[in-house]
Every structure is written in structure tokens, then in C-alpha cells.
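What follows are several structures.
Two complexes come next, and they have one chain in common, chain A, joined by chain B in the first and chain C in the second.
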Partner chain A sequence: MKTTIEPFWWSLFGAGGTLAALFIPITLIINGLAIPLGWLDAPAYENVLQLARHPLARTYLFLLISLSFYHWAHRFRFTLYDGLQLKHLNLLIAVICYGGATVGTIAAGYTLINL
Partner chain B sequence: MAVDSLAGNAAVVAGGEMVTLEVFRYRPEEETEPVYQAYEVPVHKDWVVLDALNHIKDHLDGTLSFRWSCRMGVCGSCGMMVNGDATLTCATFVESLLPGPIRVGPLENFPVVRDLIIEMNDFMEKLESVKPWIIRDEEKSLEDGAYLQTPAQLADFKQFSMCINCLLCYAACPVYGLEPSFTGPAVIALAQRYNLDSRDQGAGERNAILNTDEGIWQCTLVGECSVVCPKDVDPAAAIQRYKVSSTLQWYQKLLMPWSGK
Partner chain C sequence: MSANPQHTPYHPRWYRASMPIFWWMRRWIHARFILRELTSIFVAGYALVYLLQLRALGLGPEAYARFLDLLRSPLSISLHGVSLVFVIYHSITWFNLAPRALALRIGDRRVPDKVIAGLNFVAWISISAALAWVTLKG
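Moving on, here comes the complex of A and B:
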């Protein structure tokens, strides 16, 4: 049987979509609304840094950022492929999209490790 | 496209309201390009678009060709584009489309044979390729009796068995329009109808066709198939479910290559 790699990309896409839909709104509300509008007291920089350095927080941030990138990559790949009718560039599009997500993942990992 | 009008309607109900139907005409022996032809049809409260087409055929222009049979949403042969939407013409009331004009065309994404009749071989071949019948590793002998099934096991696939092959989902699917090689919604739903049947053992054979780039992985979950489906088959859900189980299998094979299949 002809094997296909699509299940792999699709699972990253699905996981990224689920995580992003659940947690990005929460993150946005806390950091983008609640704290700037004074509903919550702004935590001290050191405390936030300490929190972000916790292994669980690092893992969480890494997964959230990386999988969101792959979610974008998969969606954008099909947008170019079907939406803009660029199917002859299939391979190039895939490399750019998933490659971009991989670069983003590496950058996120590097930043989080060196936090 | 030109719209020529056809006057002279003998069967007009006196004083009755009329509506214009603009009907797609393509007669390969007469014209190289399709045209829309306008017909004035009386409005009856209980008429569906198919009744209006039959009125044209019987009273105005016998050369108009279209398919229909049951007039009750069962045979699946009267699917057309009505004002741009893929729909069963026997289930679409003229009254809901007033004041008109009502534009009737053949189902999109298929070659047209003549007027409103499309060529559906592509679908038939794809349907056959997924073996839409119960496959057994070994058939039981007649003496051993029937294959029993509980109501819960029936419920697992019943929804997908309601498909009437009307092809509305193919006409509505933009991916099929762009990639005619795509297996498409109804065929995948019908394959799932057998995959999920407790009596069937053919999922592996169907997987070779479905778990491919032209099969389920071509689908980008636009979801129009489920919107237009007159039988609530929900082919989009059938495809999503298939994607989930194929993905689990893919990881299983990756992590446990010895696990077979």
C-alpha cells in the first residue's frame, strides 16, 4: 500500500488547533485585558520569569507555540494549494510551511531553554 | 450566455402568478456552448422546482432533458443547481424562491451530457473501488444462520447507510471541483458505512484506497457536503472520523512496527 505522511501533519494540525483554541484566549484575556485594565494586579517581572522557568511552564509554552505553528503551517499550505491554485508548487509549499513551523519551534525551544 | 425567451404558455391558470425559470440548455448536436433559456411557469402553492420543470417538458418545450423518478427524495436522481445551490429539485418549493427568476442548472463539478443531465461515471467507479458491500474473511455456511447484530451495532453505521447517491455533496465540494481525483464525500461515507458494520471485515482492503492523498487526506473539512446532504448523512463527519482512526493507526505502526496491519 502507498503510505502517506499526512496523518502525521494532520495530528500536529489537530493538536495545535485544539491547544490554541483552548489556551490562547485564556492567555490573551489574562495578559491582554485583565492585567492592562487593572482587573488583576500585575505580577512582578521576577515572579513571572520564575513561573515561566518552571519545567511544566516551559513544556506548556513550548507545546503551545510549536503546535500552533504547525497548525498554521498545515492550514496555510492548503490555502496556497487549493485557494491560490498552486498545486504544481506542492513540494515547495510544504517545505516552506512545515519548514517555517520547524524554524519557529526551534526558536521557541532555544528561547525557553535559555530563559 | 444568451437567454432567449419562450412565450406562449397554454396552461396558464387564469389570473395566476407566473415565475420565470432560467434553465441551462446544452444540446451537443445544436450548440457548442451552453445557453440559459427562459420559461414562464405558473406558480402553484404546492409545486416544487421539479414540477415546474415537468410543466415545461409537458406543455412548453418537450426537448428539455433532465432526470427524475420518485418525486419524494428517495431515488436521488433529481439533484440540480437551483439558484447556485446543490439541491433535490423534488424537495425545493417554487414558492420559497419567489419572485424569481429561478436559475436551474446541472450539478456542478460534473461533465454535462445534455441539458440538466450530468455524467456520473466518475462517481460510480470510485464507489465500486471501495467495495461497498460486506466483506468476510470466511463466509459462514447457510446452516450456520444469519449474522446477528444488536441495535447498538446497527446505530454505529445507520446514518451513513441513508445515502441516496444524489451527488449533491460532490457538486458542493470545492475540493472535488479542484481535484477530480478526490474520492469524495459520499464514497467515503459509504465506505465507512461498511467499515463500521460489525459484520464486515473489509476495512483493511478499503483503507488502501481511502487512507491516501487522493482519499481522506485530500479533504480540508470545508463541510459543504454535510450542509447540502438531504439525508443528514454528514459525510464530513465520516471523513473526520476516518482521519482520526487512520492517524491512531499511523502512530501505532510507527511506535510498534511489529503490530502488523
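Moving on, here comes the complex of A and C:
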């Protein structure tokens, strides 16, 4: 069971790592630093909403957010095993990590459908 | 029964070298590995902040304005500053490892690692510029 599902988690980890590496730094710079610090003007509410509601934007946002969560789940799981020597808590850690990412994915889907 | 039941000449034991919890702090190369793995916390952390921003967007203009106010707080700015260092570290280490995950061949020659990593960095810069343009125009 464990050996058959491992490549599945790895593929989510890999896809999330790539999307996050390409898209998160610029998103963070714009939304988390440049606009709040006043280096850039915040786009108008209506325009942001309209842009985010586009089907392509919704799909992109869903994949970026959900896969970033699964990327974390897989990597953090092994960091706990190796870094903190918690191999004996294998199942509990896996459930918390992948379960957390799944909850985040459902929240992202719900938020984006109702946008 | 022997006089000393605990002792046998060949008492079986597992060999397990005990490792201290912070073993990875002893050498820089190990600490760097753990730091790279910890970037995932900042990746997911920012994904969560971004999701909350989208939620505020869906709740209406007032909720969205309140969220933007929150982003202006010194705490938020500091957390975003620290997170930026980690997510950039994630991108750099990720693209440098890409050649190991993806062995491309043209004919029977393997595409050099530096070319694959280089293409990833070019894609990163182009996407960042394009996304900045779309966001600021929108």
C-alpha cells in the first residue's frame, strides 16, 4: 500500500514545487510587499475581482494554492522524519501533513468557486 | 538455570547509533539541507495568505480593504520579508536540482545540466515579468 502510493505523493510534491518556484516569489513581492509599502498602486477592487473570476485565473489559483500545500505536506513530512528523528510517528505525521493539505485544497476550491 | 540469566555471551542487540535531534546543526552542509526543506513551510504559508486574500476578495470591497490594511502592518511586512528570502531560496535550489529530476536527451546526447537549469531560470524571470505586468495592468 505504502509503496504504491508514494509516487503519487511525489508527483504532487514535484508539481507543487515547480509551480511555487515559478510563481510564488513575484506574487509575494507584489501583494505582500510592493503594494502594502506603497511602491505600487493597488489595482481597483472591481478589476482584481474580474481578473480572479476568469476561468483560467481560477484554475491557475486553485492549482498554485493546492499544489503548494501538497508540496509542503510531502517535504515537511520527511523533514520531521529525518531532521527531528520522528520515524516512529510515521502514520500520524503522514495523516497530519497530507490531511492538512487536503483540507487546504477543499478550502481553496470552495473559495474560488464562490468568488 | 545459570546463575546470571541476564548475561549471555552473544546477547542479540540492535545496532542503532543514537542521533541527537539537532544533528543537522553540526555541519553547514546539513543545516543547508534542513533550511532547504524548511522553505516548504514558507511556500505553504504564503499559499495560505494568498487564499485568505482571495477569500476577502470574495466577501466584498470592505472585507478586501480590511485585508489590505492588515497587509500594511509592520508584522505582516516583516513576515513577508522573511518569507521572501525562503521562497527565493526554494526557487534557486529547485531549479538547480531540476536537471537531476529531468534527464533530457537530444538524439543520443544528454542535454547538459547547466542548460536545463538555465532554461528554468529564464522561465522564472519571464513568468515573473509577465505576472507583474498582468497584475499591475489589471
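Criterion: the second predicted complex is superposed on the first by the 104 of 115 C-alpha atoms of A that agree within 3 Å, B and C clash if a C-alpha of one lies under 4 Å from a C-alpha of the other, contacts with A are read in each partner's own complex, and residues count from 1 in each chain.
Everything that follows uses one rule, which is that contacts are C-beta pairs under 8 Å (C-beta built on N, C-alpha and C of every residue); 3 or more make two chains touch, one makes a residue touch a chain.
Keep in mind that this is a model prediction, so the values were computed, not measured.
Asks: So in the superposed three-chain picture, is A:Phe8 touching just chain B, just chain C, both, or none of them (first/second/both/neither)?
Replies: first
Asks: Tell me which partner A:Leu33 touches in the superposition: chain B (first), chain C (second), both or neither.
Replies: A:Leu33 sits against chain C, while chain B stays out of touch.
Asks: Can you tell me whether chain B or chain C touches more residues on chain A?
Replies: Of chain B and chain C, more residues of chain A lie in contact with C.
Asks: In the overlaid three-chain picture, which partner chain does A:Leu49 touch, first (chain B) or second (chain C), both, or neither?
Replies: second
Asks: Applying the document's definition of touch, where does A:Leu84 land relative to chain B and chain C: first, second, both, or neither?
Replies: The answer is second: A:Leu84 touches chain C but not chain B.
Asks: Find the residues of chain A that appear in the contact set with chain B and again in the contact set with chain C.
Replies: Common to the two interfaces on chain A: residues 14, 78, 85.
Asks: Flag every residue of chain A that touches chain C in the complex, lowest number first.
Replies: 14, 16-18, 20-33, 35-37, 40, 42-43, 45, 47-52, 61, 64-65, 68-69, 71-73, 75-76, 78-79, 83-85, 101, 104, 107-108, 111-112, 114-115
Asks: Could you please specify the touching residues of chain A with respect to chain B in the complex?
Replies: 1-2, 4, 6-8, 10-11, 14, 78, 82, 85, 87
Asks: In their complex, what parts of chain B are in touch with chain A?
Replies: For this pair, the touching residues of chain B are 174-175, 178-179, 207-208, 211-213, 217, 220, 243, 246-247, 249-251.
Asks: Write out the stretch or stretches of chain C touching chain A in their complex.
Replies: Those in contact with chain A are residues 19, 21, 23-24, 34, 37-38, 40-41, 43-44, 46-51, 53-55, 57-58, 61, 64-65, 68, 71-72, 76-77, 80-81, 83-84, 87-88, 90-91, 94-95, 101, 120, 123-124, 127-128, 131-132, 134-136, 138.
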